[in-house]
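Here it is: the structure, laid out below.
Residue numbering begins at 1 within each chain, and the chains themselves are lettered A, B, C, D, E, F, G, H, I and J in the order written.
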Amino acid sequence: MADNMQRARRNSIVHIAEQRQNLASLDSSIIDRLPSYSAALFEAKTAMRLTFEDIARALGRSEVAVAALFYGQARASPEDVARLTELLKLSPETNVAAQMMGFPDRGRSGPMPPVEPLIYRLYEIVQNYGYAFKAVINEKFGDGIMSAICFHSKVEKEVDETGSPWVVITLKGKWLPFSRF
Amino acid sequence: MADNMQRARRNSIVHIAEQRQNLASLDSSIIDRLPSYSAALFEAKTAMRLTFEDIARALGRSEVAVAALFYGQARASPEDVARLTELLKLSPETNVAAQMMGFPDRGRSGPMPPVEPLIYRLYEIVQNYGYAFKAVINEKFGDGIMSAICFHSKVEKEVDETGSPWVVITLKGKWLPFSRF
Amino acid sequence: MADNMQRARRNSIVHIAEQRQNLASLDSSIIDRLPSYSAALFEAKTAMRLTFEDIARALGRSEVAVAALFYGQARASPEDVARLTELLKLSPETNVAAQMMGFPDRGRSGPMPPVEPLIYRLYEIVQNYGYAFKAVINEKFGDGIMSAICFHSKVEKEVDETGSPWVVITLKGKWLPFSRF
Amino acid sequence: MADNMQRARRNSIVHIAEQRQNLASLDSSIIDRLPSYSAALFEAKTAMRLTFEDIARALGRSEVAVAALFYGQARASPEDVARLTELLKLSPETNVAAQMMGFPDRGRSGPMPPVEPLIYRLYEIVQNYGYAFKAVINEKFGDGIMSAICFHSKVEKEVDETGSPWVVITLKGKWLPFSRF
Amino acid sequence: MADNMQRARRNSIVHIAEQRQNLASLDSSIIDRLPSYSAALFEAKTAMRLTFEDIARALGRSEVAVAALFYGQARASPEDVARLTELLKLSPETNVAAQMMGFPDRGRSGPMPPVEPLIYRLYEIVQNYGYAFKAVINEKFGDGIMSAICFHSKVEKEVDETGSPWVVITLKGKWLPFSRF
Amino acid sequence: MADNMQRARRNSIVHIAEQRQNLASLDSSIIDRLPSYSAALFEAKTAMRLTFEDIARALGRSEVAVAALFYGQARASPEDVARLTELLKLSPETNVAAQMMGFPDRGRSGPMPPVEPLIYRLYEIVQNYGYAFKAVINEKFGDGIMSAICFHSKVEKEVDETGSPWVVITLKGKWLPFSRF
Amino acid sequence: MADNMQRARRNSIVHIAEQRQNLASLDSSIIDRLPSYSAALFEAKTAMRLTFEDIARALGRSEVAVAALFYGQARASPEDVARLTELLKLSPETNVAAQMMGFPDRGRSGPMPPVEPLIYRLYEIVQNYGYAFKAVINEKFGDGIMSAICFHSKVEKEVDETGSPWVVITLKGKWLPFSRF
Amino acid sequence: MADNMQRARRNSIVHIAEQRQNLASLDSSIIDRLPSYSAALFEAKTAMRLTFEDIARALGRSEVAVAALFYGQARASPEDVARLTELLKLSPETNVAAQMMGFPDRGRSGPMPPVEPLIYRLYEIVQNYGYAFKAVINEKFGDGIMSAICFHSKVEKEVDETGSPWVVITLKGKWLPFSRF
Amino acid sequence: MADNMQRARRNSIVHIAEQRQNLASLDSSIIDRLPSYSAALFEAKTAMRLTFEDIARALGRSEVAVAALFYGQARASPEDVARLTELLKLSPETNVAAQMMGFPDRGRSGPMPPVEPLIYRLYEIVQNYGYAFKAVINEKFGDGIMSAICFHSKVEKEVDETGSPWVVITLKGKWLPFSRF
Amino acid sequence: MADNMQRARRNSIVHIAEQRQNLASLDSSIIDRLPSYSAALFEAKTAMRLTFEDIARALGRSEVAVAALFYGQARASPEDVARLTELLKLSPETNVAAQMMGFPDRGRSGPMPPVEPLIYRLYEIVQNYGYAFKAVINEKFGDGIMSAICFHSKVEKEVDETGSPWVVITLKGKWLPFSRF
């Protein structure tokens, strides 16, 4: 009988665990590098079991942009704040809302070179293919850069003919030619 | 009359210059960081006024891959070598062909963090959006990485409704979940 | 009816948000790098909805200098302290006033190379044009430096014929020739 | 009499020296970091005793841009190349012309942090006033950056009422707001 | 008599000490770099005198994987969490369980280059034999990498004929060839 | 007919290329970091189409050790030198033989952190699993290190049930306990 | 009338401010890098409006040495402690006294390269004139060093004929020749 | 009379100070880098006025080893713990004892390169004489290393004929030849 | 007799050696970091057995300034060039003269932190006493810096009462107060 | 018969190899970091099969000092030069002799942190035991440093009771107390 109870309890933990396991949360050890509203937003997101996809849909924005906002790397518009406050049931008294509309102090969410394997792979692509991208872009566009400011990005999932999933990241930035002066 | 000659000569230089100016070439100061065949390939490409698009078409590969090959960041297959030898009229006596099929010693074409503005913008995207990409990818795929090895990339040009060009870079890598052990 | 209330509440948040969104505030994650009066000053500025332009006018100083003072990078004169105390309604009991007149421990507000995109662009200008500035300045002035101590700076906005805004930063430093000894 | 000759010879050296001393030339120890045409351009400039002001006038460009071009940090247009070839009497057989129109591999003319005192002062301005610039620009323009690509710069000399010279550097970059996505 | 008591007390401390001394515990000075559940797990492990071998057996996983999980470098499955909760008698109310199933923010448990002598020896092997491994792997497998994601590892003890113990670490990763694109 | 000749020539290049492509060779850009005999050894190896497996068999040593010897990271015994001289038909007049028996100046074959993707993966394993290895080894062996000097290593290929190849690296080092003093 | 009061209050603040403004105090953001007695000493010094000159006179030591002692870079003798305790009215119960006599853990008061402009100038002197100092010292003294341990230093003010103040720093260290062994 | 009291009080402080001044204590600013028992041990040592020589005698170990143990760089045996607990009158309830027997996480007590002058001198010896030591050791012992694990060290004082004291540090490590494999 | 000759020859070498040993010369391994005229100047100085003191007297400048000029860290005036050309019997045809009057590219004569023990001691003084200098200078002069540009320096020898030599370096820089703007 | 010849030839190579294998020589890849006489000295030493012990005996100096001299880290006296010239049969015409008596530019023979395993172990001793050495030395000597300038060192071999060799390095430096000023 004790066994039954134990099995039941274990199943219940597994059940709870499974529900939570598809949600990105905030690693406690990087909180200090982020603006203080990051922790509040992630906590609410976790409590409400919302994915970035859910939140992006509610805000009419891209998932990448919304995740960047949670990490303090993008700015919320007043409308975003209003919707997030509603969706995440943030107390209007806290100054989370006001803070989210501050001008972000970008670029400090993680170390560079990245030590996180997923992020390192992106860095490695820049390291290995940087000059190749430059050469191809120069030939197609001339002398200039792809803006990282006037910029959109999205992440998609594709499944190939063998059933294997592929990650597809699109980086789209406005072309900025060097001024002649 | 001297004026006419001077003007004619200037026009001729301008003419030559214009022809060459859409071609990516190799900055002499980074030659030491690259395998020795890089200089040979770029020299032939410049001499024959070929773009990476031209060469990619001849090889049936992506422009990014071909440029990477020129920078010593990708390996040529025997078929690639045969076609490049023909296309660039490389002397078969040189060991450029053999070298191109060596196993590349990747990652040393430029400094990290990049100092070249175009390449820095890509690095900045990783710096600013790295954790956002991780969070979104984790929620869509689970615990793992996007491979930078089993990986394709391409660069495209889009023009928006105002006539402004945009650079679109697609990064496509196979999803690799962390093994359980 | 609930809808109406909800819409009203959202509008109210949007309204508050809009009011605040043009104010620079202090990112909570850099507070530790700054002198303790920085947080107090920014808090008061935010509470009173003052821009640096407002404060600069009250102090008879440049906006850049005032912002530098808030970040602990410049020293307040007794007169500045008196005016700031009044303007920001700082409690005279706190030692914010005394601290602002301490000798600043400059240079620690952010990492170098900067990771913040706006600040990085300034760094990149030094990286790319540093030797060009040196060569031009040497030819115009001789062997020496532009002082960064006996130095003024201002930020202005210009709008070009197409209606696009441009940022104009003026750096003005006294010429200091190397002494002959 | 020997004395007279010696004095004459010394005067002649002093004379030659004075003529040359207002010209920026290329330090031999940084040649390796620059594209190969840099040395050729500086050599011709020195031989012909031209200042960047002279060359800028001939090219209809800014002195800073011309110096940047000499350091391999800016690209020459075909028209620039034609004029430079004429002005500096470059042999059209050399491929200096072609190289100058290549896409520059920017950012490698000197180490960062700069060790050259003049350039270090500019770096120090970014280090000390970076966040102040950001705060003031954010309040004046919103969330974005000043472009370092769509960018002009000039160096001017001012003399104050006491007769002391001041260096005035103007940095003017297009305002680029962060895209909402 | 006092002597006897003292000796008894000392023996008792020695006894306690011996019991504990074969257990890896968490150095208090690295707690800040790890997710908050690390401290909770190590504390429970120490309190219950469990080795990683004990825990690995209970979870049906490798010791290395379990230790990695304790250091926040691997993710727990729901089943792992259920078993760990039981085994370590973690209070189900704490959110240790939920956190262990978060997506790990890997790579930050220690500095690189490592300063810990044991870990440095592994780093030194990569430093000294890195190119040798690459050359041998390239010849055996072609152009690609050994995955560190689709990866298993184990640690074994061997004793040679002289009775000396040897550490045997096996690194087993899937072969990933570079894609042709 | 010209077509036939061209096809024949291409086939011949492809043929040559295929023969060479399984051989690790020396990237020209790292020669400066290695002892001078490295280039000589690799050249002879390439000329004679020998794999490290071939050479290892002839020397009665492990492939990893032989590759390390080629990269200047291991010392050759007199017998190794005699056999290598024979096998690679090195001219006895050169001092390659003598140099190979010098005491290696280890650790400089590549940068750390590695930029080569294959070698980086090994580094990443140390970064991610370093503390896990330490904890497991400490529990199994006590307080000490695995020697990287009194050390063997080998690389093997395994194929799993789905036909996928796996790389298996074995690191075997003598256990060295910290001395008590 | 309110005006009068306001003016009076402002004058009073200006007055207080002026009194304090010639005193070096401790920037709150570097406290963590210093021994805990630093904060206590600076606090007492500020409260009592003492300059380092005042304190140096009381202790019979150099101002530089006293300031170094306050920053935890020099050791206090028992006599120094007794005098400081009296002068600064330190409570004898605190262990400030005992701590000041501990062996200092020098070198950690600020980052190197220094970011503080005043300290950077000293660093720049070493960077620019280091080899010149070495050459001149070698010629005057032989092969050895100027000790930084058996070392005195002082700061003086000179005013030149135009009335401009100059800072004069004297570094005086015992000559230590390299031993022959 | 007040004078007498003051003199008496000063003498008493000097007296206390002298007693304490020969004891190494823990700089408060490095506590965070050390395991938590370090502070406890140093506090007890200071309170009881024990030198490392006293403690080493009680433990039958070398002073260097005991100091390393206090800094968390060496492991205590159960017997060491028992004796330390007695000697330092540590409360057996605290887990200081247990922690001292944990496996140390070595190498993090100070920054490298060292900034502390005494420690820097040791580093400088490695920097200046490293290759000389290697060459001499290689000629005396062959190809291998001096172990830093199977290692003893001691510090002694010698006085030369002029009465000057010299520090003599002995580093004694087992010779480990590189394995042939 | 052979002995006599050998002794004679040895004495002659010792004699030559002694003559040269008080001259600073240029280490061949740093030539690449210096402008090309450095090697020429040092070579002439060595050939003519001139000390910096000799040269400084001839030029009417400080020894430190002259040594800095030889290391490419200071600029020669036309008069300096004329005198150096005479004194060192430089061929007027070489462009050493012209180069010496170029604008120096300062700061690259050696690595920072310095590895040369003599130069490191100066660096260590900045590291250890930097904040002490700042505090004392601030109290004596206000908020500003000691200029390293409008700057003189000299090296002197003092002998104390015990006959021991001391190095005295004087750093004298103009006081530059921060501008108020 | 051919077999016999081959065997004979192999034996001869083994024989030559064995003769040479106990001599430290100069790795070709570090020559650039050393003064030019280093290569000449090592070449002569190798040609004449001399160990550092042989040379040290001839010069009446320590082996460590002699090896340091060969690596450009110590200065030769005129007498040393005379003896080395004789012993190594250096041509008196070369300026090796003169160069050896130059003032060494120390500290650049290898990278720090060291990558060579033997040298790294010495560095690791400083890293792990640095604070322990400091604490013990402070307690034995007071506040000061062990000089690395007024310094001797030697390397000895000891064999323990089990026949295992141990390396014993003695570092002996004069005690320098911090001056009181």
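As a convention for this text, a contact is a pair of C-beta atoms (placed from the backbone, for glycine too) under 8 Å apart; a residue touches a chain by one contact, two chains touch by 3 or more.
On a predicted model such as this, the values are computed, not experimentally measured, just so you know.
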item	value
Graph distance between chain D and chain J, where chains that touch are linked	2
Repeated interface matching A-E, over half of the contact pairs identical, chosen among H-I, B-F or C-D	B-F
Approximate Å spacing (C-alpha centroids) for the pair chain B, chain D	29
CA centroid of chain A to CA centroid of chain G, Å	47
Between chain B and chain H, centroid-to-centroid distance (C-alpha), Å	55
Of all residues in chain F, the ones touching two or more other chains	23-24, 64-65, 77, 103-104, 106-107, 112-117, 120, 124, 127-128, 134-135, 138, 144-145, 147-149, 151, 153
Pairwise chain contacts under the document criterion	A-B, A-C, A-D, A-E, A-F, B-C, B-D, B-E, B-F, C-D, C-G, C-I, D-G, D-I, E-F, E-H, E-J, F-H, F-J, G-H, G-I, G-J, H-I, H-J, I-J
Chain D contact footprint on chain C (complex, rising order)	22-24, 51-53, 63-65, 67-68, 70-71, 73, 106-107, 109-110, 112-114, 116-119, 121-142, 144-148, 151, 153, 155, 157-158, 164-175
Contact footprint of chain J on chain F as seen in their complex	32-36, 72, 77-79, 81-83, 85-86, 92, 97-99, 101-108, 112, 148-149
Complex interface listing, chain H residues touching chain F	61-62, 64-65, 74-75, 77, 103-104, 134-135, 138, 143-145, 147, 149-153, 176-181
Complex interface listing, chain I residues touching chain H	113, 115, 117, 120, 124, 127-128
In the complex, chain A residues that touch chain E	6, 10-11, 13-18, 20-21, 23-25, 27-30, 46, 111, 114-117, 120
